[in-house]
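Labels run A, B, C and D following the written order; every chain starts at residue 1.
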Amino acid sequence: MADYTTSELMVSRAAKELKNGDVVFVGIGVPSLAVNLAYRMHAPGLCMIYESGAVGCVPTRLPISIGDPCLVTGSLAVVPMLDVFNLYLQRGLIDVGFLGGAQVDRFGNINSTVIGDYRKPKVRLPGSGGACEIAALAKRVVITIANSKRTLPEKVDFITSPGYLGGGRERERLGLRGGPELVITDMGVYRFDPETREMVLVSLHPGITVGTIKENIGWDVKVAPDLIETPPPSPEEIRIIRDELDPQGIFLRSKAG
Amino acid sequence: MSKVMSMQEAIARFVRDGDLIVMEGFTHLIPFAAGHEIIRQRRKDLTLARLTPDLIYDQLIAAGCARRMIFSWAGNPGVGPLHAFRRAVEKGQPRPLEIDEWTHFGMVLRFMAGASNLPFLPTRNYPGTDLTRVNPGFKKVRSPYTDEELWCVPALNPDVTMVHAQRADAEGNTQVWGLYGVQKEAAFASRRVIVSVEEVVDAKVIRSDPNRTIIPGAIVSAVVHEPFGAHPSFVQGGYDRDNDFYLRWDAISREEAGLKAYLDEWVYGLPDRAAYIKKMGARHRELLADRQMCEPVNYGF
Amino acid sequence: MSKVMSMQEAIARFVRDGDLIVMEGFTHLIPFAAGHEIIRQRRKDLTLARLTPDLIYDQLIAAGCARRMIFSWAGNPGVGPLHAFRRAVEKGQPRPLEIDEWTHFGMVLRFMAGASNLPFLPTRNYPGTDLTRVNPGFKKVRSPYTDEELWCVPALNPDVTMVHAQRADAEGNTQVWGLYGVQKEAAFASRRVIVSVEEVVDAKVIRSDPNRTIIPGAIVSAVVHEPFGAHPSFVQGGYDRDNDFYLRWDAISREEAGLKAYLDEWVYGLPDRAAYIKKMGARHRELLADRQMCEPVNYGF
Amino acid sequence: MADYTTSELMVSRAAKELKNGDVVFVGIGVPSLAVNLAYRMHAPGLCMIYESGAVGCVPTRLPISIGDPCLVTGSLAVVPMLDVFNLYLQRGLIDVGFLGGAQVDRFGNINSTVIGDYRKPKVRLPGSGGACEIAALAKRVVITIANSKRTLPEKVDFITSPGYLGGGRERERLGLRGGPELVITDMGVYRFDPETREMVLVSLHPGITVGTIKENIGWDVKVAPDLIETPPPSPEEIRIIRDELDPQGIFLRSKAG
C-alpha cells in the first residue's frame, strides 16, 4: 500500500476542488486541511472565512476549533457573525462551503440533527450550527463523510441542510441557488447528475471496487461511465500535510489507511 | 456612576429563577465565571439561549438549572457530543429539557431583531430544511416588492445577557477585539446586561479608541472584574483556549457521577473565580498569551 | 493581486454612463477626488445615491452628470441649502433632476437590504409621515408573529460604490476609524467598489489589527492611492474638515456662473488630485491633524 | 434689557428639559449648546449621541457639523449608522431628541421637506435626514423654531416628522410611542395638552405678551392658566455658553436680543 492514509487522500482530493480566488467557508478537520493544502499548492489567492468571523486567516498552528485564536492573529479581517451570514454568505460571496454530517442521502441532503424521530430521538446530534445556511446559500458545497449504509442512506432521517431535496428541479423551484457539487468519502468520490440530481460514483479510491461501494451505500447507486481511480496525493502534498499542516497528527494520523 | 461589583452580587441582583438568560461568546470570551456563579446560587427553571451551548450550558444543565434551551449547535467543539445535554434530551436526566432549535444564522437574526425592537427579520435561508417543519417558530412573509416568500425568525429578547470582554470602564463601556460573535446584538436585545472583564480600565483608555467599544455603558447593569473569567475558553491577547480541558470534559461528563464530582470540586466547592485560578495552579500561567500588538492609529484632528 | 491604479483609470474602467453610483461617507471621508474625476470624464445620466448629497453631488448635478438622485438630506451642513440641487429641482437647470427621497434610517436599511441580498427590510419608523404618501417605494408588510403592520424599504444595489478610507492594502482590504457612516453596507450592496485611500499599506499593517477592516479585498475592484482625496471633508487622524470651504460654497454655488467658474478652475482645469493639492498651497498644511494615538491592543495567543 | 440674548435664553430653557442620565440625540446649534450646558450644569451623567455614530462625546471645540471630528476624539464609542438607528433609536434607548424645521403645526408635526406642493415646490428644503425617525422613535422630542405665522401654521404643508398628527390619540393608534414634549421659540415655550395634543403656551419670554404671540402664530393658540415668565439664564449659564461652549459666537452672538 502506498505511503499515504485515506484521510490524506480525501484532503488531497478536496483541495483539488478549490480554485485560485475562491472564497471558502472553512470547517475544522479535513476541510481546514484541504483548504490550507490548496492555498499552498495551487491557490495562493484563495480566501478562507470561518463562521466565527475570521477572514483571510493565516493560522500558524493547526486550528482545533473554528474559533481558534490563531485564526484571528494576522487575519485580514474579523467581522461580527451577523456580517458573516448577511454580507458574506447570503450576499453570495461564498464560492465553496464544506459540510459533513451523520447522514447524506441520494440527493445530497444532509442530516446533523437526529437519528430517529425528532421528538423522541434515538441519537440526538449537535444540530445545524451554520450548516443549513451554508447548504442553502454557498455557490458550491463539498461534502465529506464516511462510506457506509448507515451514513449514506437512501433518505436521511431529517434534512438539516438541503441538498437537491427530492431531486430534479426541486431545489431551484424553492429559490435556492448552488447545491452540493461533490461528495468525498473514504472509498470514492461522487458527483450529482445534472438532470436527476442523484449522486453518481465518479471516482474510486485505490484498492476499492464498485462492489465494495455497493455494499456500503443505502441505494443502488449509479456509476459514471468514465469512472476513474482517485489520483493519490503527490509526495509534495503529503509533505505539506504532515510537516506543515498537521505535524502532531491530530486529525489525520489516527486514520492511517 | 460605577457599576463595578462582585460576580456574586451581580448574579444575585440581576439573574432570577425562571429568567431567559444568554451567555454569549462564539468560542471566544465565553463567560464561564458567570455560569459557575449561577450554578453556585442554584438558580432554577432558566431558559438558556446561546448559539453553541458548549461546556458552559452542559454544566448548567447538569446542575439542574435549566428548563429549556434555545440553540443552534449543541456539541463539544472538535471533541464530540455534549453528554449532559444528550442525557437531558434523550432520558430527561436530571430533568427534562425542552428544546427550541434554530441555526446559527437564525439565532443571530433573532438577537438582531430583538436588539432592533422588531418583531422579526427575514432571510433567504431555510427553504427545504426540516427545521421549519419541527419548529413552528419559523414563519413566512411575502415580500411586498418581489412577490417572493421569505422565511422569518422571531425576535429574541432575553431577561439577562452575560458577556465577558477584554476591558470595560466602571460604567460598562465595553471593548472587545478578536472574534466578535453575537455579543453586541444579544446585549442590546436584553433587558439587563452583566459584563465581566479581564481588566476594568480608566475611561480614558476606552476613549483613546472609541471604535473598539461594542457595548455602551447605557445598557449595562453590572461590571465585574473577573480575570481569567472565560477559562476554559480564551481571550484574544489574554490567554489561549484550554483545549486539554475541552478534551477532558468528554470523560468528566460521560456519566452523571463524574460530572457531579466536577461540579462539587470546581464550582460548589469554591467561593469564586479567584479560588478557581488558585486551584488551577501552574496551568493558568501556561495559557497566557504572547504579545503581538497592533499598530496604533491616530484619532486626532 | 494588486488592484492599485490611478483614479483616472479606476473611473474609466468601472463607472459607466447611466450607472447608479454611490459615493458614501457621512461628513467623514467623502470621496471628493473620485467625484471630480467623474466630472472630468463627463459621465452622464447617472443616478446618484447618498444620504447627504453634500457638496460632492451638488458639483455633479451642476456639471450635468446626474439624471436622478436618491437621498435623505440635501443641504450644505451647518450652512444652508444646496443651490445646484435646488436649481435642478425647482427650475430644471442645467437639466431636470428626478428625486427619490427617503430618510437616513431608510437609506441605511436600503443599503443593508442590498448588502444582505434581501428584497427589503422592515422598520418601526414611518407611521404618520407624508413621505410614504409621496414615495410609493415605501410598502407595508404584516408581521407573521404579532399581527402588526410595519413599513418596509426596498433593497438598493448600486452599480458602483466609491469610498475613501485611511488605509488599504493593494488588494483592497480597507480600514477605517472614526465615523463609519454606511460605507460598509453600501460597498457590500454594490456590484463594483472603488476604494481611494490616504495610504496604501503593506498587508501586514492590515493584519496587525484585523478588527478595523470594514471592506474586504474580495469585493473591491480598484484601489487608488489618493492623499487628501476627501478634501473639503475630513479624515480622522489625517486632516480636519475645511469648514471655510463649506461656507464659501454657498457663495460659489449661488449662481450657475460662479459654480461653472469653480468647476473650470478646480476640476476641469486640473488633471488630478495631486494638482488640486498643489493649487491649494499652504491651506493644505493648515488642515493636517494633531497626533492623538490610541492605546494599542494585543492580538497574541 | 438683561445681558443675554434670546438664543441664550432658548439654550438655557432647553438645557433645563434634560435630566441627569438622559441619553440625548443631539443636533447642531441650539440643541448642541443646550445639551452641553446641561452636561456642565446639572446633568453630568447625560450621554450625547450624534446621528453620525459618535456616542458619549466630549467635544473640545464647538462642533460645526454633526460629524465634526472633535465628536470622535475622546468619545466613548463610535458605531455604524445602522446601529445608531436600529440599536439605539428604534430599540428605545434615546430619551430625548431635538428637532427643528421650517414649519411646526398645532399638533407638533414638523415640515423640513417642501413649502408648497411636493411635486412642484415653492421652496425645496433639505428633507428629513434623521428627523422623521427621531420624531417617531425617541421617547421625548424637544422642538426649537422661530415664532411666526410662517413657521407656526395651523397645518404644515408636508409632515416630514410626525408629532401628534391630527391630535387626540392618532399618534398612539398608529403605534408610535413618545411624541413632542416641548416647543421652544424666540418668544415663548409651548407644551402639548395631554388630551387634545394641541400646543399650549406655557411660558412667555421676558418682554413678550400673549398678544405678540397671537400675532405670530397661525391659529388661535390656547394659553395655559398657569402661564409663567421663562426664567432667564443664570450668570453661570451665560458664562459657560460664552466662554466655554461658543467662544467665537458662531451660533449665538449674531442673534443678540
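To be clear about the criterion, a contact is a pair of C-beta atoms (placed from the backbone, for glycine too) under 8 Å apart; a residue touches a chain by one contact, two chains touch by 3 or more.
Predicted model, so just to flag it, every value in this text is computed and none were measured.
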Joint neighbours of subunit D and subunit B, given as chain labels: C
More contacts between chains, A-C or A-B: A-B
Intercentroid distance (Cα basis), subunit D paired with subunit A, Å: 58
Subunit A and subunit B, separation of their C-alpha mean positions in angstrom: 28
Centre-to-centre distance between subunit C and subunit B (centres being mean Cα positions), rounded to whole Å: 37
Centroid distance [mean C-alpha coordinates] between subunit C and subunit A, Å: 40
Multi-partner residues of subunit D (at least 2 other chains): 54, 69, 72-74, 78-79, 90
Set of subunit C residues in contact with two or more other chains: 112, 117-118, 123-124, 148, 177-178, 180, 184, 208, 211, 234, 236, 240, 289, 292, 299-301
Pairs of chains, among all present, that meet the touch criterion: A-B, A-C, B-C, B-D, C-D
Partner subunit D, residues of subunit C touching it in the complex: 26-28, 51-52, 71-75, 77-78, 81-82, 85-86, 89-90, 101-105, 108-109, 112, 123-131, 134, 148, 177-182, 184-185, 234, 236, 240-241, 243, 246, 289, 292
Residue ranges of subunit D touching subunit B (in the complex, touch as defined): 23, 45, 47, 54-56, 58, 69-70, 72-79, 86-87, 90-93
Residue ranges of subunit B in contact with subunit C within the complex: 117-124, 139-146, 148, 150, 152, 154-155, 166, 177-178, 180, 205, 208-209, 211-212, 234, 236-238, 240, 289-301
Residue ranges of subunit D touching subunit C (in the complex, touch as defined): 28, 51-54, 64-69, 72-74, 78-82, 85, 89-90, 109, 113, 118-119, 121, 123-133, 136-137, 158-162, 165, 170-171, 174-176
For the subunit B and subunit D complex, residues of the former touching the latter: 1, 112, 115-118, 173, 184, 188, 203, 206-208, 210-211, 213, 216-219, 299-301
